[in-house]
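Before any comments, here is the structure.
First chain written, first letter: the chains are A, B, C and D, and each begins at residue 1.
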Amino acid sequence: MNFSSDNVSPVCPEILAAIAAQSEKSALPYGQDEESAQLDAAFSNLFETDCCVIPVATGTAANLIGLSGLVSPYGGVVCHHEAHINQTESTGVAFYGGGAKLLTMDGPSAKIEAGSLDAFLSAHRNRPVHAVEAECVAITQATEFGAVYSVAEIQDIGRVAKEHDMRLFMDGARFANAIAALDCHPAEITWKAGVDVLSFGATKNGALAVDAIILFDKTLRKTAEKARKRGGHLFSKHRYLAVQLLAYLENDLWLKNARHANMAAKLLAQSLGSLGARVAHPPQGNELFMWIEDDLAATLQAAGLVFRPWPAVGKGAYRFVTAWNSPLEDIANLPQNL
Amino acid sequence: MNFSSDNVSPVCPEILAAIAAQSEKSALPYGQDEESAQLDAAFSNLFETDCCVIPVATGTAANLIGLSGLVSPYGGVVCHHEAHINQTESTGVAFYGGGAKLLTMDGPSAKIEAGSLDAFLSAHRNRPVHAVEAECVAITQATEFGAVYSVAEIQDIGRVAKEHDMRLFMDGARFANAIAALDCHPAEITWKAGVDVLSFGATKNGALAVDAIILFDKTLRKTAEKARKRGGHLFSKHRYLAVQLLAYLENDLWLKNARHANMAAKLLAQSLGSLGARVAHPPQGNELFMWIEDDLAATLQAAGLVFRPWPAVGKGAYRFVTAWNSPLEDIANLPQNL
Amino acid sequence: MNFSSDNVSPVCPEILAAIAAQSEKSALPYGQDEESAQLDAAFSNLFETDCCVIPVATGTAANLIGLSGLVSPYGGVVCHHEAHINQTESTGVAFYGGGAKLLTMDGPSAKIEAGSLDAFLSAHRNRPVHAVEAECVAITQATEFGAVYSVAEIQDIGRVAKEHDMRLFMDGARFANAIAALDCHPAEITWKAGVDVLSFGATKNGALAVDAIILFDKTLRKTAEKARKRGGHLFSKHRYLAVQLLAYLENDLWLKNARHANMAAKLLAQSLGSLGARVAHPPQGNELFMWIEDDLAATLQAAGLVFRPWPAVGKGAYRFVTAWNSPLEDIANLPQNL
Amino acid sequence: MNFSSDNVSPVCPEILAAIAAQSEKSALPYGQDEESAQLDAAFSNLFETDCCVIPVATGTAANLIGLSGLVSPYGGVVCHHEAHINQTESTGVAFYGGGAKLLTMDGPSAKIEAGSLDAFLSAHRNRPVHAVEAECVAITQATEFGAVYSVAEIQDIGRVAKEHDMRLFMDGARFANAIAALDCHPAEITWKAGVDVLSFGATKNGALAVDAIILFDKTLRKTAEKARKRGGHLFSKHRYLAVQLLAYLENDLWLKNARHANMAAKLLAQSLGSLGARVAHPPQGNELFMWIEDDLAATLQAAGLVFRPWPAVGKGAYRFVTAWNSPLEDIANLPQNL
C-alpha cells in the first residue's frame, strides 16, 4: 500500500481504454482533431458556463501557464506559504510570468483566510514602482495540507479579491477530491465565486498525464495558447490529451475516482487512529496528516505501507495520500492484519 | 492517406502495450521508478558511451531544454534559417535560454555547410559586449527539407564547431529516419562527431508522446533536470515516459519504424513521379517535397490524400511526410487507383 | 580630431551649467523634483501633442524599455538587419521584452522601405502559435548608415504599419540630426506619422548622459515606469537627468548642436573627397561612410584623425561621425594641412 | 532640512569639479578612456587586493547586475525580509537573475544573524528539483534599519556562507557610512570575510550618479560586463562614471562625506531626543529611526524638517537620513530654534 502520493497510481482502465481506442486512426495534430474539438463544450457543460480548455501534461505546467496570464512581469501573486507554486514548482512562476513574484501569507491548514487576505491586499496595492504590487490571488483547492475550502470561504476570498481588483487563480490539482468532499456543483467554487482560471487536475486522479487549464475569462485564450507553445507544452498528438480528459468527464469518472480516494483516506484515518496515531490535519479530501510515534511508524513500514514524513507540519508528522485505486478493504483491515 | 505530417500517426502497438503493462501497479514518481532507472543504461548501450537521458513529452521541450544548457543569456545559437527552433518554436529559445538569440545562416536543403559555418563563426566570435557572440551550433538531422547530413558532413561541422570552441546541438526529431537512411551507427553522427546534446525523437516515429534529451556531456545533467522541472516538464508518472522509450529501443523498434517510413517516402516519390510530379527535395528520410501542378494536386486531394503546400520551398511545392504506419501497398498502387 | 563616434564628445557647456546649477539645493528623489515635473510639458510643447517622458541615462535603455511596451513575449519586432537593436544591444530586446524576437529585413542605407515592409508584414501576421508574429516595427532615424528617412518615407511606413495593426517605434539616438537635416517639425515624422514611442537621443548630441523615452501613447506610461525601475534605470537624483533634457530643449540647443554636427559632416565629406576618398553613404546627418584607399587612410591617421573601418558597409569603407563640438575650420582646412 | 533620504542631496563639489574637468576633451567611449582604465587599480589599492570594477549609474543596477553572477535561474538568494533587493527593487532580482528567487529571513535591525543563517541554509540546500535551493547570501551594510554589522558579525556570516558553499553578496549602498562607523579597513568586512561581490555606493554619499560593482572574484568580470551592456547600463561616455568614482576615492572623500553624515545623524538623535523623541533604531550610520509623538512630529514639520513615517518599523516610527551636506550646526541647534 503506497501512500507516498496519489501520483504513484497508474492510469485507470477507462482512460487507458480511451487512449487505446485512438490507435487505429490518423488525426490532425496540435488540437485540430475531433476529440480536442469537443473539450470546450464538455467543460462548458460541466461548469455551466462558456469556458476555454487548454490541456497540458503536468500540473505544474497547468499552474504556471494558467497563472502567467493573470500577472505582469512586475507584479505579485499572493499565495499561502505552503502553496505548491511556492514550495514545489522551482522558480516557475517567475519563469512563465517574466519575473512575477510570489507574495506569501500564512493561515491554518494551508488556507488563506478572507480577513487576512483583505489586510494583506490593502498593504500590497497602490505602491510606488519600487515595490511589487499584488495583481493576483492564488489558492489551492484542496490545500496542500489536505483541507478543503468551504463554498462560503471561497466566495469570501473571491469577493475580497474582486474588491481589490485582483485576479483569482485556483490550483485544482485535487479539485475532484474537493468537489467530492463538498458535494457542491463545480461552478459554485469557481467562476461563480470569481475564479478567473482553474488548473483542473486529472493526473493524480486516474489519468496518465493531463491537467486542464480552464479559462473562465475567455479573453485569456490566445495568450495562454502562445504560452503553452513557447513552453514546449503543445502536444503534436494532442488527441491523446483530449481523450484522457473526455474519458475523465464521461459518466463522472472524475468524481467516482475522487470519492473512492476520499473514502480511502477516511478509512485510513480510522485505521491509523485505532492504532494510536493522532490526526494532524484531518482528511477532508484524499490527503491525511497524522502524528505517529516512531514505533508505530516502523511497524507500519514493516507491514509494507509507504508514506512520507512531512516536516512542514512538524516533527513526527507523516503524510498519507490515497488514490482512485487504493484498496479499501485492506485499509479497513489494516489494524487486524498488522 | 494522411501525409500532412508524421505526427498524425497513432501510437504504435509495441509502445501502447508497454504503457498498458504499467496499469496494475504503483510506482514511485518523478523518475524514481524502476523503468526510469533503466534509461541511462539503455541509451548508453545504444550509443556505446556513457550518457544521461532526460525524457520529456514534446520535441519542442527536448530542443529548448537541451539547448538551454549550451548557451548563455547573452549568447547566440547558430542555426539554419529553416531550423525548427527558428521557424516553429515560437520565442522558445530565448525563453529557456534567458534571452539567447538565434543567429541564422542559409544553405541548401536546410543544411548548414561546414565551410560557410567556419566563415560565419569567425565573424561571430571575439566580439565586444554590444554584439551577440555565437556560443553554440544547432543542426537538424534529418533537416526540415527532408535531407540527411552524411557522416562526413556532420564530422566536418563538428570539427569546425570545436575549432571555434562552440557547443554542438542536434535536433533529432527525425533522428531515426536519418540513421535508417545512413545505415550508420548512431555514435558516428553524434558524440563521436562532437555533438554535446541530442534531442532524440520518438513521438513522430511511433511513440504516444516522448522525446529524449541525450546529454553526451554528463556535466549538463543537473541543470537540465532543473530546467525541465521549472518548465513544467517533469512528469509525476514518469514511468509512462520511460516505458515508451524502452519499448522504442527494444528490438530496434525505432529503426524498424523509421525504415518503414523511409520506404514509404521512396515509394510515394515514385508514385507521384509517375503521375507527373517533380521532386523538389528528394526523400532521404521520411519527408518528400514535390512540385505538383494544380490539376494533379486537386486529383490527389480528391482521392483522399492529405498533404500541405510548403511556401518556404516555393510556390507549387508540397510536403508529404510518411510514418511508421504508412500503407506501403496503397502508396505503390496509387497511380493505378487514382 | 576624433571621428570614431559622436559619443567621444564631452558634455556641452549649457548642459554642464544646468547640472552645476543643482549643486546647492536638496530635491525630492525619483522624479518628484521640480525640474522633472516640467518634462512632460516641455516635450508636449515641442511635439505639439500631449506625451509622457521617461528619461534614462543611455540610448540602449531608452530603446529597450521603450520597445518593451510594444511587443509581447511571444511576438516579433520588425527591424532592419543593421538596426542598433539588432547589432549593438546584445540580447537586450529579448531581455526587456520577455523573449520577444527581432525579425530582420534588408533595405538600402539601413532603411526599411514601405513596399518591402508591406510584403514582410503580410508574411508575418496571422500565423499559428508555432511561429513568431510581427507585433511592432522599429526604424532608426537617422539610420545606422547615416541616411535620413524623408517625411514621406516615414509617413508611408507609418501607414503600412497601421494597416497591419503594428505598433511603430523610432530609435532616435540621432533624431536631432535627422530633424536638422529635414528641417521639418518633429511632429511630422513622429506621432503624426504613427510613431507610438520615440527614443529621443541627447547623449550623443551634447548631454552628459540622458536619452528620453517619449510615449505618444500615454497609456504606456505605467508599464514603462515599472520597466524602468525594474531595469535599474530609475535615478534617485532624477533631477540630474531632467535638467539635462530641459537645457537641451531650451533655445533649441538640440537643433543648434545637431546643425553644427551635420555641417561638420558635410565639410568633412568635401575635404575627404578632395583628397580622393569616395562617398559610400552620404552624410545626411552627422555620419559619413567613405571608401578610402589604404595610403590615404594611413595619411589621415598619421595626421591625428581617429575613425573606424566599417565592415558592414564593405572592405575599405570607413565611418566618420561628427559632433556638436567638431572643429569646422580644421575640418575645412584638412586638405591643406595634411 | 530634508531628511527624507540621503539621495535628496546634490552632487558634492569635488565630484562636480571632476565632471567639469572632462568638458574640454574627447575620449574613447564605453570604458576605453584613460580615467576608466584607472578604476581597477584605484579600487584594488583601496581594498588591498586585485579586484574588478564595473561602474553603473544606480544602486539598483549595481545590486541586480552584481547578484546576477552569483545565482542561477533556478536558485535562491537568501536575504533579510527588509532588504532593499526584496522591498525596493521591483522584481529586479528575478529579471537580472533569469528567474532567481528571494528566500527571506528575519533578524533584529534588518540584520541576518549567523546562527539563524546556518539553520536556514541547512534547510535550503540539497533539495530536490521541485524546490528552490539557496545559492547565495545577500546582506546590506549598513542595513535598511540603519544598523551596522560588526566586523565579527560579517566574519561569522561569511564563514557560515562558505561552510554551505554559498556565494556572498554585500549591498553597500551605504558602505561608506558603515566603514566610517566601524573605523575598520574596507578589506576586513569584504573579501577577507568572504564577500564575492560588493555594490559600493557613491550616489547617496556625494556623487551625481554612480555606484560601483566590485568583483573580488575576478572570474565574474566577463559575465558582469555582458549583463551590464544587455541591461542598458553601459555608458557611452563612460568617463563620466569613472571620474566620479576616482574623485570619490581621492583624499578619502568617500570617508569624509560619510563621517559628516554619520555625525549629523548622531547630532540629530540627540536633538530629537532632547525634544522627547525616543530611538527606535540608533544611528550607527546615517539613518536614524525615532518614535515621535504626533504633536512633536507636527512641530518639526512646521519648522521645515522633512522626514518620512516608516511603517515597517512600526506605527509612530519615522526615518531620518542625513547626508554629506547636512547642516551640523542647525541640527545641533534644532531644540533651541524650534
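What we mean here is this: contacts are C-beta pairs under 8 Å (C-beta built on N, C-alpha and C of every residue); 3 or more make two chains touch, one makes a residue touch a chain.
Bear in mind the structure is a predicted one, so any value in this text is a computation, not a measurement.
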A-D compared against A-B, more contacting pairs: A-B
Most distant chain from chain C by Cα centroid: A
Whole-Å separation of chain centres (CA-atom averages), chain A against chain D: 42
Centre-to-centre distance between chain D and chain B (centres being mean Cα positions), rounded to whole Å: 50
Chain A and chain B, separation of their C-alpha mean positions in angstrom: 34
Where chain D touches two or more other chains at once, by residue number: 73-74, 89-91, 95, 99, 129-130, 226, 229-230, 234
Residues on chain B engaged by chain C in the complex (per definition of touch): 73-75, 87-91, 94-95, 99-102, 129-132
Chain A residues touching chain B - in the complex, by the definition given at the top: 2, 4-5, 7-11, 13, 16, 19-20, 22-29, 56-65, 89-92, 95-96, 203-204, 208-209, 226, 229-237, 240
Contact set on chain A toward chain C in their complex: 30, 72-74, 98-99, 128-130, 223, 225-230, 234
